[in-house]
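So, here come the structures, one by one.
Presented sequentially are two complexes of subunit A, the first with subunit B as partner and the second with subunit C.
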Partner chain A sequence: MTTQTHGPHPSLDDPSISVEDVVRESIVDAVPVARTEREAEFYTLRDGELLLNMGPQHPSTHGVLRIVLKLDGERVVDIDPVLGYLHRGVEKLCENADWHQAICYTDPLEYVASLFCEWAPVVAFEKLADVTVPRRAEYIRVLTGELNRISSHALYMGWFALDLGGLTPILWSFIERDEIVEMLAAITGQKLLFNYFRIGGVNGDISHEFMSRLGDWMSRAGAQIEANQGLLNENEILVRRARGMGVLDRETALRMAVTGPNIRASGVPFDIRRAHPYSVYPELEFDVPTRQEGDSLARYLLRGDEIKQSLRIIDQVLHEMPDGPVMATLPRLIRPRPGRAWAAVEGPRGMYGTYAISDGTDQPFRMRIHDPSFVHLQLVSLLTPGNLIADTMAIMASLDPVMGGVDK
Partner chain B sequence: MDRALRSRLERRFGERLLSPVVQRHDETEIRVAAADVVDTVRALHDEPDLHFILLADLAGVDTGTHMQVVYHLWSERTADWLRVVADGLDREAPRCPSVTFLWKGAEWMEREAYDMFGIVFEGNRDVRRIYLPAAYTSFPLRKDFHLADDASRSPGMGVRPMEETLPPRDATPATNIRRAQAG
Partner chain C sequence: MSIAVVTWQRLNLLGRILAIVVPILLALGLVTIGVAYVAGPYAVGFLADNVPLLRFVAAIGAVLLLTIPTAFIVIYLELKVIARMNLRVGPDRVGPFGTAMSVVHGLKFLSKEDFAPTGVDLRVFTLAPVVVFGGSVMTFLVIPFAPGLFGLDMNVGMLYLFAMSGLTVVGLLMAGWSSFNKYSLLGGLRSAAQMVSYEIPLTLALVGVVLLAGTMSLNQLVLAQSGSIADWYVWRQPLALIIFVIAGIAEANRSPFDLTEADQEIVAGFATEYSGMRFGFFFFAEYVNVFVVSALIVTFFFGGWTAPFDWPFPVVISGIDPLAWGVGSLIALLLVPVVGTLVLAAPFWLSSRISTLQALVIGFILFNVVAVGLLLGWAFVSLDWVTGLFWFFAKSYVFVFFFVWLRGTLPRVRIDQLMGFAWKWLLPAALVNIFVTAAVIVIVNS
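On to the complex of A and B.
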């Protein structure tokens, strides 16, 4: 038995081998030689069980992900996610780039909320180089970050409905996302991978166009988001499919190292903005919403609560933003003294972290990127067994993984 | 910097620490031998005055001379992140006990560290490659894995300017390993 499953089968040219033989052999080939305990357990099939590949090109997998489902009829018995289709070796690339360049490599990891993927390494590098960031820059970071969080959550709500079979909400949620993306494009010049944060500040002050778009949007954002949610929150189909689905209890959430909205939907008020404050969050007033149910519906509704808190933060930031520079004075090439730093920020999916080691040169010696989607995807094989195939998507979508971050 | 945490850690793990507790910014760092990892994290997790219930991150590190496994932990009892470094893993055959008995979520992070560094986690029931294909033979984040060498076997060799600036492909990898001064 080999694990090779690509390309035409070698025996296809041989007329003495029948098609049935080839099919039978291919099925055997698709089951890899078990190398670990878990793999042996997964690929041992009982009577009546069958393996089904979902993906890598499945519309509901939020990127390129293959999950091997072990099925008993319509019920899922077990799940083995196969990652790596989007693996780009970003950590290695960062170790071969200079400190400033590394930020643009981390940017495309999380293409839905890319500002947070810049934020974590930037804070870690600032700690290494002992840089103090001007206060105005910190306020701008919070402002753009919260906008990005809203756009990500808004899109999530549409996605979630899409995976449950509703087409309209995704079109509605793109209205919100589009507005915010246009706003951010007015200061960053980009609509997807902003690459706006710099070590020591941000790239350029906020512009008049940004402010006028933001003011325009803020005046109706609350009502607009309320309307979008009204489309879904009381929708009979969505509620009945999501309630009680994929319940994650408090203890398991901690054991699985879950962070972000997913752990808050299980009743743990862990939000890094409060649990380990960074930037100017200690000065801002906002609540950390939690829910106790821990099911798909709670995870969905919690995102709605968070959008409201983000709007509250944006409102305060606009009132309190000081004047001043937006960048610290730094040399073009920085060489932080040898040392190590870890920084984590609260993103829309959970904790984005960066562990950076400096050896005194202009390149990171080691740069570790922690992405919440990677951790949360593990939950799929924990929460799904026992449910129907169609509910796999209802559970996975509620965890909100983005494959760019999972695969790095 | 949480001075109280420092003295608490020194008191609790005194003889087990390989080097003095390091504190910088909002981080506290302790170093233990790989053999002590299980006892250390269990104490950090279970004891009420430490109570590090959340595993923030698990990462492998190749310092060029040896391997490390680095854990970042969070507790509501302190304002610092705690970094536990399992130090001095043999570079040729790195092995480290798994923490999946405490945080099941570490399973994939350990798989990743195996995939990238070849660190084998004893007790993890699923140590296999996670990103790279099963037939892949090397560990790309090790310091003796050069991008230039890798690119030299690919059709794109010499095209991408970033890789041209790296050591030429005929350089001996052994003399070219970047070693951390601070590891």
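On to the complex of A and C.
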């Protein structure tokens, strides 16, 4: 977005106008030159309207998102998300790395649940290279993935409360996340960007420390998560602020290609683990929770339901995990056959997809990354207008975008 | 060279400073004595004629001195209590248990740059924190802390109170408008809307209390409630208490009604562009307001400084009245510290292997603790204003804790819910309370 700041301000030559006035005026009128019809419409202010620039430094824009609000008093008339403050060109970087290295570039895309950003490309590359993953490795992937899903959802519930002004839940939800992250650090060595999945398996078997921590946590996880949700779920203020807020109906959700908990909260039981099964999910028993309301509260509560299902999956995985190797035998430098592969996994925010094209060399020819946060961020400008400023936060937090994934 | 110059050159720095300062002090002292000698009788006469004026000035000084420690204590409580609720430790580095944290906060504000951004209306911008802080400090003036311990016993104390809290709105609006920032403007307008809405139920809730007591003076209100716990107005005006607490939270801009500084929405609201001590004034004013609202709840509904049950104190313990001992008291004053220290140090000196000096230090510290404890205990049982202060602060800090607790628990309400709640629920409830109270009073009296 370019602003009209080229060259000196015309009135700077006029001695009768003070510098103060010029600065003041330029702050007030910093309206960009419209490049599209949508921008032209957005930046034309009617009487009584006000542009408010929220971000990229703002307490509650989940990273470096900038949203321009067009306000009529407290009411949001229109909203324009401005992206690109965290753009790193990951897809291009991946094209200049070999197949193994590409995984660690996709890892930090979504820093809250980074295992899923590894999982999608790994599956795509395995399809290209015709690798069969050992069953123990698949079980470990499911186990760590579900743990990561719980940690992400726990953090989401805290964020949601924080964006509605509640101080305590975020710190309570960090108890769960800390415990899970410590567990994963015991086998991956990292606490945020695990970089654990490899083409053909995982990097190292699960350790004794991991198992003892996991057993310890599983014995009290259910009760603890219940307690955390008990802080908020029936809080009158939270329910009144979230119910009926930002209603995403079934048709719009399907039209906007929403995935994950957000579409399940609108009544569409779409879960890639069931719809397009991968890994060992077909052998595991779990439900796909849905809610019909499609509002912020439904999206929030659905995450709680999903945590329970994840705990169920972890329980089964721990009982059924076979012995064996955790890594397929592969050459150090792989050169898949020329071709294309698409793989998608169900992450805590929706569908993470990777579309990889191989030209037979040791590097991807093209790598396309589909991130759910980007899709969901588009909903903000659909759902927000007509509500109040405070609801912008309630709606955006309930959609749960992570800017690392949006800007790639 | 004259002898004066030579003498001057032979002096070191300290000597030179003294050589300048001492004559000035001497001269000032002489002038003061002279003025006092000439104008003293007139001044004493003037002050004797204008005791209320003297009292007013003294009260304002005392109130200003009182607000800072009050704000410090409330800030520390908030930091520590919310930390505990968040399963954190909270401040624990500065001072014992982190108690000096608020002082460090204050010093931090003082040491920061006093920055005013381009485009602000500097005069209004500078004046706004003063108005806000002044508004909340001046409410202290009419609060009765203990029997006989109040700034002013106004017969329109309650009206004065609301006038002063209304002044805060003006300050916030000034800050929001002059900051030249859209977040500030939104925050200022929110505060205006919120406070104007909540001022009405806040005022109307107390009409019932006024009808019962027949006075608007806060001191008289407390006296009307003295006796036992059954005489408190909380039993006769429970609805008014609920309305007053809710509206008071909104009036003090506290969570869940802290919309004016909702950081998730409008960054810091009216205070967005403020830094340094200017922000410090807003900060202190907020916490002073918390205490003021708690103190008002206690004054109006929980009997102010009166004890909750039939309190046998103050009692005059005639034997311990030191003034009656004459010269004996002087000797006691000389002997008691020495003997006490030695007696308390003796067990340590005898039983463990610490040195004599260490034992004496321990004994001295113990003696101080015991002496201060005894002194406070004596004051508590024999001075009625100490007892009053104790009960007043004990009750007030219960409500301060309640406010902090709310902040740690609840999310924030939305602006339309906030306004709707004030006008649709609190205002009708306050009116119903007035009618019911008035009807009951008429029926009982007839």
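To be clear about the criterion, the second predicted complex is superposed on the first by the 383 of 408 C-alpha atoms of A that agree within 3 Å, B and C clash if a C-alpha of one lies under 4 Å from a C-alpha of the other, contacts with A are read in each partner's own complex, and residues count from 1 in each chain.
Just so it is clear, a contact is a pair of C-beta atoms (placed from the backbone, for glycine too) under 8 Å apart; a residue touches a chain by one contact, two chains touch by 3 or more.
A quick note: this is a predicted structure, and the numbers were derived from the prediction, not measured.
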First (subunit B), second (subunit C), both or neither touched by A:Asn203: neither
>> Looking at A:Asn233, would you say it contacts subunit B, subunit C, both, or neither? Reply first, second, both or neither.
In response: neither
Inquiry  = Which partner chains sit in contact with A:Met256 here, subunit B, subunit C, both or neither? Use first/second/both/neither.
reply    = first
Larger residue footprint on subunit A, choosing between subunit B and subunit C, goes to B
Exercise. A:Leu167 contacts which: subunit B (first), subunit C (second), both, neither?
Worked result: second
Exercise. Please indicate which partner A:Ala390 is in contact with in the superposed arrangement: first for subunit B, second for subunit C, both, or neither.
Key: second
_Quick check on the superposed pair: does A:Leu50 touch subunit B, subunit C, both, or neither? Answer first, second, both or neither._
second
### Query
Touch check for A:Arg38: first (subunit B), second (subunit C), both, or neither?
first
Intersected contact list for subunit A, partners subunit B and subunit C none
Touching subunit C in the complex, subunit A uses residues 20, 23-24, 27, 50, 52, 58-60, 74, 161-168, 171-172, 175, 232, 235, 237-238, 240-241, 388-393
Given the complex, residues on subunit C that touch subunit A span 82, 85-88, 118-119, 180, 182-183, 186, 190, 255-256, 258-259, 262-267, 407-417
Within the complex, subunit A is touched by subunit B residues 24-27, 29, 53-57, 59, 61-62, 70, 72, 74, 76, 79, 81, 83, 102-109, 112, 116, 125-135, 140-141, 145, 147, 162, 166, 178-183
So, in the complex, the side of subunit A touching subunit B is made of residues 3-4, 32, 35-39, 83-84, 87, 89, 91-92, 95-97, 127, 254-259, 270, 275-276, 338-342, 344, 351, 353, 355, 357-360, 365-366, 368, 370, 374-375, 377-378, 407-408
